[in-house]
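Got a structure for you, questions after.
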Amino acid sequence: MTRRGQILFFLPALLVFLVFVLLPSTQTLIDSFYSHQGIKHPFVGTLYYRYAVTDPKFHQSLGNNLKYLLWTLLFEVAAGLALAVGLEKNTRFNNFLRVAFFSPAVLSMVVVGLVFGFLFKDGVGVLPGMLNEGRALLTISVISGWASAGFFMVIFLAGLANVPEDVLEAARLDGASARQTFWRIKLPLLKEVIYVALLICFTGAFKAFDLFWVLLQNQEHTSIVSTLLVKEVIRFDNQGYGSTLAVILTVLVLLSVAIIIGAKNLWRRGERRGPL
Amino acid sequence: MARIVLDKVSKIFKGPKGEEVRAVNNVSLAIEDQEFLVLVGPSGCGKSTTLRMMAGLEEVSRGAISIDGKVVNDVEPKDRDLAMVFQNYALYPHMTVYENMAFGLKLRRYPRAEIDLRVSQAAEILGITPLLDRLPRALSGGQRQRVAVGRAIVRQPKAFLFDEPLSNLDAQMRVQMRMEISRLHQRLAATMVYVTHDQIEAMTMGDRIAVLKNGEVQQLAGPLELYRHPANLFVAGFIGAPPMNFFRGVLYGNSDGLHFCGNGSPAGIKVKLLPEQAAQLESRVDKPIILGLRPEDVHLATDSPRTANGSIVEAVVELIEPLGAETHFHLKTGQHGFICRMPPAEPGKPGQKVFVVLDLTKCHFFDPTTELSLTKPG
Amino acid sequence: MTRRGQILFFLPALLVFLVFVLLPSTQTLIDSFYSHQGIKHPFVGTLYYRYAVTDPKFHQSLGNNLKYLLWTLLFEVAAGLALAVGLEKNTRFNNFLRVAFFSPAVLSMVVVGLVFGFLFKDGVGVLPGMLNEGRALLTISVISGWASAGFFMVIFLAGLANVPEDVLEAARLDGASARQTFWRIKLPLLKEVIYVALLICFTGAFKAFDLFWVLLQNQEHTSIVSTLLVKEVIRFDNQGYGSTLAVILTVLVLLSVAIIIGAKNLWRRGERRGPL
Amino acid sequence: MARIVLDKVSKIFKGPKGEEVRAVNNVSLAIEDQEFLVLVGPSGCGKSTTLRMMAGLEEVSRGAISIDGKVVNDVEPKDRDLAMVFQNYALYPHMTVYENMAFGLKLRRYPRAEIDLRVSQAAEILGITPLLDRLPRALSGGQRQRVAVGRAIVRQPKAFLFDEPLSNLDAQMRVQMRMEISRLHQRLAATMVYVTHDQIEAMTMGDRIAVLKNGEVQQLAGPLELYRHPANLFVAGFIGAPPMNFFRGVLYGNSDGLHFCGNGSPAGIKVKLLPEQAAQLESRVDKPIILGLRPEDVHLATDSPRTANGSIVEAVVELIEPLGAETHFHLKTGQHGFICRMPPAEPGKPGQKVFVVLDLTKCHFFDPTTELSLTKPG
């Protein structure tokens, strides 16, 4: 495409896109400095931000997001990596297992949530008590892991397929055990894929909503920021505080992206070292 | 160092329709201590598979491989104490040159000082000392190749296995690395098994050469023996560049003796066999036969006087390839195309009619059905 | 890993996995044949299924899912492909545009929903009326496209990077225009990536929930099956009908997977043709 | 068909640090109608970039490329009416062989019957008629190569461009395809430009050869002219295998005439120049100089009698490479390693002392600084 053709092609796309970015984000940012209760909309400055920072419910929600992040690192990413390494060889049996482990990824999370909700329902379900105060977060993390580990497995399998066969053979002849091959050859060569997985997992931990909403809508102490946000907006019908939480949640997501990219650059820099 | 023996080794794969595919079929070889043995053949002949079975990277389907008298069929690759140089170098992309070479020694828990010493010695030999801090992606093809060889050397293994190590290098670098590996063999006096599809590499590097086709050893001999006394049509055509000329025809006898007459009309080539050839081939009279003659044993008549051993044939020049030190004439007589290798100064142009002398003392004869050579080494 | 090691490694994983598959799916299937209103749980047979099949709300929801699928094929997949083809060349400018178009993919859909909700709010928002009866589905589809086209763009960019440069050059020398190169070279070579994109888009159309829930919770006629499901469960507190809809929704997702795979096999078979 | 002229063509890339990198520097070439011109050089010498500029796949930074007198710098590739055969074949993976060959014709809206005719004729010439229904992935390397050539032929373009078309084939197939392309050139009488890193391909195929290094043409001449009168050290070392032997030393004169004495101690090599050489090199006395001598102009003393033109040197055998039709001796005298090309039967073993005769009539002399040849073609 010529330069001119390209501009003509992208101008409308870019315009639509910018309208969709600038309008809502500007309005949201402005809204977060105004109260929207009642008919008047007085300017309240950073009131909502100060409120959020001191709100114990927000603290608890944010803490739950972070705990959920740690659990999903284990149940989604680490489990997915373990599955990928275990099922790396192309055999008929492994292929069957791969499909089995991946299959939940196509299911609707709402259905998954509802179905597990019935399963855990006190007095009726087969496994009651799994959503009790102490356990709920872990239970949801395990369900997330069950639903998403297969997805991460697929990513890691694609990465492992790119590790040259002869490099692994060279390592075998060099005397590397399966464990050594994993830690010293495969893992470093999966670097790029691991970054992508961490990016998905970190942002996913803050984007989570449906499982929590469907399973734990009525629990206060297991809110995460996104469910808190919806509850606060519904409860107070307050666009101002809602906007504030939306801004904070977006900042959190972007922060986690920045952390991953920062870690990546640090590792890269560390690579330019001399002989050990 | 090591003597490697293959005893009736086969490698059988399952084909796409469940049928058996014999990539290597009943190969028996004894690679002597300090020998440089080359496995050569066209792609798909099983040479790489044979090497990989020695390394332990492929399981042996049938037969036994032994190193220094000990059967190693079920020995892990790392415990066979062999080093391998791969076609695509197979360097660890995330390790520096130093780390690449040190990796095997580290895993075997050599002391740090010993690792340093061995790596620096190997780097010295291969002239890659200034590259030790680099990552493989910052190296040229030839440098990567040297690192791959260095990684093999530092281990001081019982034997070295090379799997087409030069096929990714350009022509100049290939000639240079070929000589370096030959020198390395002299210097280390190690057993080396070398796989290639290039008959020039095979001829120049191998103490002995095993020519493979369809998973079977066609002939195992020294380079000159292979060149002078090919056991069958395949070896005769594969070894030597330009390849041996083949003329399909029949033998007939008359009062004058045995004659070879090319197929087709005009036959183009009609020659009288020498008495000793006639004696060997008497039973073949009136049967189809293939006459083989190397390009250097065909001379343009202007260049060489007619000899008692020669037989003159009329031909047309199709193509002339000057190589500087020599010139190849592609000729045609009757239905038979053939090549004549001449000194560089020979004049001529496509379409020209020439007379060529076939040096009958250098003739080979092959059975068209079995493809086996019919002439015994004198 | 040895065969034995592999079994030891996967036995626990497989057990957990099977428990998580078998228990809920069995219970859901059983539940769908029982009424759960009141204290007694009488067997009702296929009553709920028959009800669903005749329920106009279910019909409307399913219709909305299908409409949404068509719109997202356009706004997500086709738009993503157009973006990828337009931004294929690695220039600094294109790289900036790629990041811009991809960025919404890291945002929380709940936040996106709420923010656009404020934007479209009658009387208050900047763009009121976008969620009116006639437009709501289209509006949500556009927002989905805005949020996901960048994700599909990334997939297609990866696919385009795998089209060998020299094949495109051969086409240039053969006289192919940019348009011909796209339709006759790039598109057929993107086959595998297109399947993956269609698989994600088809299943995504049935898995959609959060945008609809947040933006259109109070509209009856713009329900999709997943929001209908949650509403019905909440309204009637009826695990039986909820289970039925869950089973139906899962079957729909699996059916769409089957359709894509079927289409893929058909195309494959068509490939073994002779010269035109 | 076509005459292609490059007038002071340069290709300038931006380097990673923003600096200018001249991939091709001021190249002027005139490729005559029906000529087979080879661009040869080591990797990174700019030969492929030059070809791609002719094809229109790279923009020309400076200078002008014209086809049949018309400057084509800004002409789209498809409108230059050239066909190119790529190194990796570049077949359309999703099209059958037939479709691959027909694609260009279909785009140019040729009638169906004409397409059928052209494709079937090209397939016939290349012997790929039975493959027309196959997809490229079902073909061997040699077959893919033929299809790529076929795709170029059917278009009946003004000229053919080949970008290292044989580098992915194995040795045997390479020799065969080399001859097929040469025959094709004779048959089609088309202008062909052929890029390769392999000097044998260059020598055997090219009417003329342009040797490139660092983006600049080192010499442009016919194969034998290049071989016999290399313009500089690079061409002398690049053309010919094994490469020309180089001895670094100085010229000194005494009452007896001019003498060349090798560097190092022992010097190893001391020879008296012929009168006509002495006349040409008189101004170089007491200055460093490089003597070049091809391996075939070095003879083991047992093989050739001492001649008036020869000069005897003592050397040690380092390595022997038998090739069947000839044998290469790698020798060393003083600090100087060199190669001697001998008939196959020559006996010898590494470590042995031998006498070698240098054929002084064939000597080349080079300036060590400018690297230019100091001997004018006689």
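Read from first to last, the chains carry the letters A, B, C and D; within each, the first residue is number 1.
As a working rule, a residue touches a chain if its C-beta (ideal position, glycine included) is under 8 Å from a C-beta of that chain, and two chains touch if they have at least 3 such contacts.
What you are looking at is a predicted structure, and each value in this text was computed from that prediction instead of being measured.
K.L.:
What is the shortest path, in steps, from chain A to chain C when you may only step between chains that touch?
P.N.:
Steps on the shortest route: 1.
K.L.:
So, what's the distance in Å between the C-alpha centres of chain D and chain B?
P.N.:
24
K.L.:
Determine the centre-to-centre distance between chain C and chain D, using the mean Cα coordinates as centres, and give it in whole Å.
P.N.:
Each chain reduced to its C-alpha mean, chain C and chain D end up 57 Å apart.
K.L.:
Hey, what residues on chain B touch two or more of the other chains?
P.N.:
none
K.L.:
Quick check: what residues of chain A touch more than one other chain, meaning two or more?
P.N.:
Residue numbers touching two or more other chains: none in chain A.
K.L.:
Make each chain a node and each touching pair an edge, then name the shape: line, ring, star, complete, other.
P.N.:
Chain contacts: single closed ring, each chain with exactly two partners.
K.L.:
Each pair of chains that touch: what are they?
P.N.:
Touching chain pairs, listed by label, are A-B, A-C, B-D, C-D.
K.L.:
Report the residues of chain C in contact with chain A in the complex, numbered from low to high.
P.N.:
1, 6, 9-10, 13-14, 16-17, 20-21, 23-25, 27-28, 31, 36, 79, 82-83, 86, 97, 100-101, 104, 106-111, 114-116, 118-119, 121, 124-127, 143, 146, 178, 199, 203, 206-207, 209-210, 213-214, 226, 229-230, 233, 239, 242-243, 246, 249-250, 253-254, 257
K.L.:
Quick one: in the complex, what on chain C touches chain D?
P.N.:
Chain C reaches chain D through residues 164, 166-167, 169-176, 180, 184-185, 188-189, 191, 271, 274-276.
K.L.:
State the interface residues of chain D toward chain B in the complex, per the touch definition above.
P.N.:
Counting only chain D, the residues touching chain B are 42-43, 141, 170-172, 175, 179, 182-183, 186, 197-200, 203-205, 223-224, 226-228, 238-243, 294-296, 318-319, 321-325, 328, 330, 341, 344, 350.
K.L.:
Going by the contact rule set out above, which residues of chain D touch chain C in the complex?
P.N.:
55-57, 76-78, 82-84, 86-88, 90-94, 96, 98-99, 102-104, 107-108, 132-133, 135, 151, 155
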